[in-house]
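To keep things simple, chains are lettered A, B, C and D as they appear, and every chain counts its residues starting from 1.
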Amino acid sequence: MVQTLSGPAMTAQTPSLRDAYIKAFRWMLLARTLDEKFASLYRMGKIHGGVFLGRGQEALSVSVGLALRKGDVFAPLIRDTAGRLAFGQPLLDFVRTYLGSSLGPMRARDGNVHHGRPREGLLPMISHLGAMISVVNGVLLARRLKGLTGMVGAACIGDGATSTGSFHEALNQAAVEKLPLVLVIANNQYAYSTPNERQFACKSLLDRAAGYGVEGFELDGTDLRQCLPGLLEAAARARSGAGPSLVVASLLRLCGHGEHDDAGYVAAALKHSPLGKDCLKVAETFLLDQGWTDDAHLAAWRAEAAEQVEEATARVQREPGPDPYKENWCALASRHLGEGYSQTVEDL
Amino acid sequence: MVQTLSGPAMTAQTPSLRDAYIKAFRWMLLARTLDEKFASLYRMGKIHGGVFLGRGQEALSVSVGLALRKGDVFAPLIRDTAGRLAFGQPLLDFVRTYLGSSLGPMRARDGNVHHGRPREGLLPMISHLGAMISVVNGVLLARRLKGLTGMVGAACIGDGATSTGSFHEALNQAAVEKLPLVLVIANNQYAYSTPNERQFACKSLLDRAAGYGVEGFELDGTDLRQCLPGLLEAAARARSGAGPSLVVASLLRLCGHGEHDDAGYVAAALKHSPLGKDCLKVAETFLLDQGWTDDAHLAAWRAEAAEQVEEATARVQREPGPDPYKENWCALASRHLGEGYSQTVEDL
Amino acid sequence: MSITYLDAIREAQARALAEDSRVFLYGQDIAVFGGAFKATKGLAERFPGRVIDSPISEDAMVGMAVGAAIEGARPILEMQFADFSMPGFNQIVNQAATLHWRTRVPCPITIRLPCGGTSGSGPFHSQMVEALYAHYPGLVVMTPATVEDVYSMLLAAVAIDDPVIFCEHKYLYYHLKADCLPTTAEEVGKARIARPGRDLTIVAYSAMLHEALAAAKELSLEGWEIEVVDLRTVKPLDTDTVVASVARTGRLLCVGESWPWGGVTAEVIARVSTEAFNLLDAPPQRLNAKDTPVPYHPTLWATHRPTARSISNATRKLLRL
Amino acid sequence: MSITYLDAIREAQARALAEDSRVFLYGQDIAVFGGAFKATKGLAERFPGRVIDSPISEDAMVGMAVGAAIEGARPILEMQFADFSMPGFNQIVNQAATLHWRTRVPCPITIRLPCGGTSGSGPFHSQMVEALYAHYPGLVVMTPATVEDVYSMLLAAVAIDDPVIFCEHKYLYYHLKADCLPTTAEEVGKARIARPGRDLTIVAYSAMLHEALAAAKELSLEGWEIEVVDLRTVKPLDTDTVVASVARTGRLLCVGESWPWGGVTAEVIARVSTEAFNLLDAPPQRLNAKDTPVPYHPTLWATHRPTARSISNATRKLLRL
């Protein structure tokens, strides 16, 4: 989970700026490639349960991952393949979790996007929307109690999750404690099928920031050139001790809610609006326009991403699934306090 | 539950203005007198459990009650004796609930401030803060589904309750549905012992309104001259179909959280600040200054309030308490589906 | 024609909407989209304005339903998954469940909870929650196991003047089929002998009914006649029918997909033991899910919950006791 | 010197704070004010920065504790009343309780819940919630009944690497006194014979222990020797100690202050019936609160919950069965 790129470094000089954008782009590309692999495995019936992609949200997500450093805390959500990779999560974690390998971080107990490495600051989401934000707060508070400073905690959520009580309680809690929380809302216009106008009535979700007494940042989520500096700024602000901020990025989910969903409800007008731009394409064009890359490099990067993904998939497909007879079936860390009481004459 | 005074009527002409303020003042006086009676009964050990007063919040509370009409919906909280009376709740309801009379609206099953008359639009609070707001929404939505218009729903909460997820979900829900909700926050500076700065970090709770896309009203809660027109305006706005609003009134709780609490934690500076003014005193001075009343009238009103309270108390004290053997001990309306299963050899 | 368990849920809601103008539907993605499971598909078009999308606000969803019920409506809430009813738990058990007892005003709301495990769903999309809701006073908790029941009981739920926790089992949504919708309904609150027998009683409900029936069928090949009782409603719990069955068989195995501590199996066994102790020829037994979250991986999941196989094994052992 | 149950809670927290720098306290009004019940009085002054007032946000309170635990802290949460843990229910059962099972990272948080009925407290300040939490996997649920236990078990709770639901009974806060704090502790997860006997076993916990002991005393005047078992911890439930007692007495009455459906009495009776059926000389019996919300009025309240009187009546009847 090493993350070398850091905020302040990349403000001025072009060389490091170029490197930063290329790095971001390549994580985005890897995330897109990985997500597409999962979609393809899903269509082949090789995945148990649902598949959820971050298509169209890679620029925002990667920026969160890149704005964080080793030692920071990150609570990604279902569309954060790019951010997770950039934060340093091994590609194998994703594949193992989707394919139910017993070697994965969740040991096949949990699946698809529900994985993480809490010891390394990467919190494993529970499904209940909004629930992870206060957990980030807790990590940050505990660090403060230990006398640590200079860290940041980021949590990602969608537009729909802003309607949960958990979102409200946690953002308010962070504000009261002045915690270095960066709360990132990917407003992809829909929560499953529900459009913004059935989810909230404020003009912009950014209007929420003042109500919590936190800083607000508004970003075009399709454009890496806004996302990356925006997140770096928000993280730097938090790191400096200035308290929480709310980052609201607008974009469009360029896929179904999950791969089972054809998203027929997405308004055509939205798809053709600027929100409907593919951030990966936008970033690519930008890199080309700047002369920071060329077609040959792009092709090589694509090939490399594909290879990494194929390699990981092939490897994980050979890994063992879980063995129910080796499971201890005890939810407690304190094994001696477990009941093991599924009680049946079977066990007699 | 008849409430004749109504908004539009009292904007211009002095006579009705005078009447309105006198009416408000007299409800405030009655509420204060009643509350003080409960405090005294509490000290005499005649009340089971706690006693919670609205001392210092009568101007705001009465204004809510007066801004509502028969047919409106009201969810008062623990400091709303004045608003309840003004909305039309019989004085006996209060006394019967505190004294555990079986003739009370809650039949001694619930006590102190937990009472109401749902059939008449007065919702009986549960203790969980924030939980009543969405219930008001539900009444309003159901009415709309029936094709009814022109009604208002008001819910009262404290500064502390704004930190609950319920508050957030409900206000957002009202905004999305554009319901005629008036959500009134009595910011009395403390939630039990917890001061505002440990409860939220925004400059003013009014800053929350924009984040929900609702109208905001800010009031000096110690001054009836602000509260009454303010609430009338908010209610008229809701009644006209313009959607929800958030009313934030600043004042100070002029008593303990409950009568068991000496409120030693309240900052002296606050007590001596304008927030610490007693709204009843302020209103009295205003009436006198306007020449709308005189000492003789005031004395008569006080005597009348005292008499009403004494009479009700004396009456209720002669009323029977509940008889556990007449209780059906069934929580369901569908008696035939009740289990009555407290199961014991006793019942064999 | 063939009607699935899920179709029956939709048809029951369509009928409730058609026959009672007080009924409306509220839930996430249930309007134009027709719900995550399509349980409300087409209803928004057929009943304009009465199938309403909610924000992701389970607490406020329940509060909204209670308020509407006070005003005389009969709302049906859909939680997207039973697991997501937990953020609304407080409003269900403290607001909805206490209203009538406190005020005499009924609270006729129906909360549809897509419950239970399906392969690959994991800890947060698989939970059985009937025991939690049954513990609190003031709620009726239904756990229909058949197409016929899910239809008639959902209609009954809407008609009942109390909050009904309607536990639909997702595993049955598509698997379970019937030829047509029922025209009659069994009494609410009564259990049903799903298969008559005389050697041992298996008490089950929801998806476990079908595992129990499969086990009974298997055991019939070995010459055993197993009686299977479908509880249908776990609160109220029809102790009489269970006891009458135990009176015939003398042996009781109770099967539940939820966790063991304080689940339906505990309650059933406690009641039979206290009320019909002398009818038992052997210790009553229970079979539950293991006491861990519901695992994601299919092989773990299959071991976590009772199955026809584990039920028939348990039954064989109990028959020998 | 005389130490109340409440004093013991405060002293245990003081000691945990003093001995383990990873411990901190989080809850509403617990800092300078010392908490609604004064269970943290003086601690904010003694341990600056480690006793922290929270907003009225039970969901976020629990989330905060889980995050802190991930970072190695050992937070103690105070819910102002157990009833108000319901808005935090989701985070407790789905976040805290699943963390270790999902990730191997322990979640050592202690959630203090002022539970149970006191006269005049009504439906929302009286609830017993142990059964709800015991049903979900991943939690330890303690229900201390004595001054000694509340002290040593709270210290044990903080030391345990799992989320502990610590059910303190408010009725015992001031009523129950001991001469001094204990210097030894009984083993966590083990029940205790609170009064030895041979004619009948009463299993109780929390405030009901004292009603059961009073009943046993009364019955001793009639010549009966009643054994009283204090469960101490309801999850894990020490079935062995209960069964061993039933082996001596042959008769079991289980008493709980919570609602009947799926409560501790159901679980205890289910376990004894399934595991020790042949030790029972008479049907096991249970006594619970009535299945309604907890009433406000003292006379209703006294009838709603079991009391020494109803326990001794039930015991007499069971002795004759």
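The rule is short, and it goes like this: a contact is a pair of C-beta atoms (placed from the backbone, for glycine too) under 8 Å apart; a residue touches a chain by one contact, two chains touch by 3 or more.
Nothing here was measured: the structure is a model prediction, and the numbers come from that model.
> By mean C-alpha position, what chain is farthest away from chain A?
Here the answer is chain B, farthest from chain A.
> Would you kindly tell me how far, in whole Å, the mean C-alpha position of chain C lies from that of chain B?
Here chain B and chain C have centroids separated by 40 Å.
> Taking each chain's centre as the mean position of its Cα atoms, how many Å separate chain C from chain D?
30
> Taking each chain's centre as its mean C-alpha position, how far apart are chain A and chain C in Å?
The answer is 36 Å.
> I need the residues of chain C touching at least two other chains; which ones are they?
55, 57, 59, 83, 86-87, 90, 94, 97-98, 101-102, 123-124, 137-138, 235, 237, 261, 274, 285-286, 291-293
> Please output the residue numbers of chain A that touch at least 2 other chains, ranges allowed.
Only 106, 109-110, 114, 126, 128, 163-166, 169, 172-173, 176, 198-200, 331, 338-339, 341, 343 qualify.
> Which of line, ring, star, complete or other matches the graph of chains that touch?
complete
> Write out the stretch or stretches of chain D touching chain B in their complex.
That would be residues 28-29, 32-33, 36, 53, 55-59, 81, 83-84, 86-87, 119-125, 253, 260-261, 285-293, 295-300, 302-304, 306, 310, 313-314, 317-318, 321 of chain D.
> If you look only at chain A, which of its residues touch chain B in the complex?
163-169, 172-173, 175-176, 178, 197-203, 207-214, 243
> Can you check the complex and tell me which residues of chain D touch chain C?
Listed in rising order, the residues of chain D that touch chain C are 59, 83, 86-87, 89-90, 93-94, 97-98, 101-102, 123-124, 131-132, 134-138, 235, 237, 258-259, 261-267, 269-270, 273-275, 277-278, 280, 282-286, 290-293.
> Chain B touches which residues of chain C in the complex?
Where chain C meets chain B, its residues are 24, 49-50, 54-55, 57-73, 75, 87, 90-91, 94-95, 97-103, 105-108, 137-138, 140, 160-162, 188-189, 235-237, 271, 274.
> Name, in rising order, each residue of chain B that touches chain C in their complex.
105-106, 109-110, 114, 116-119, 123-124, 126, 128, 131-143, 145-146, 165-166, 169-170, 172-173, 176, 331-334, 336-339, 341, 343
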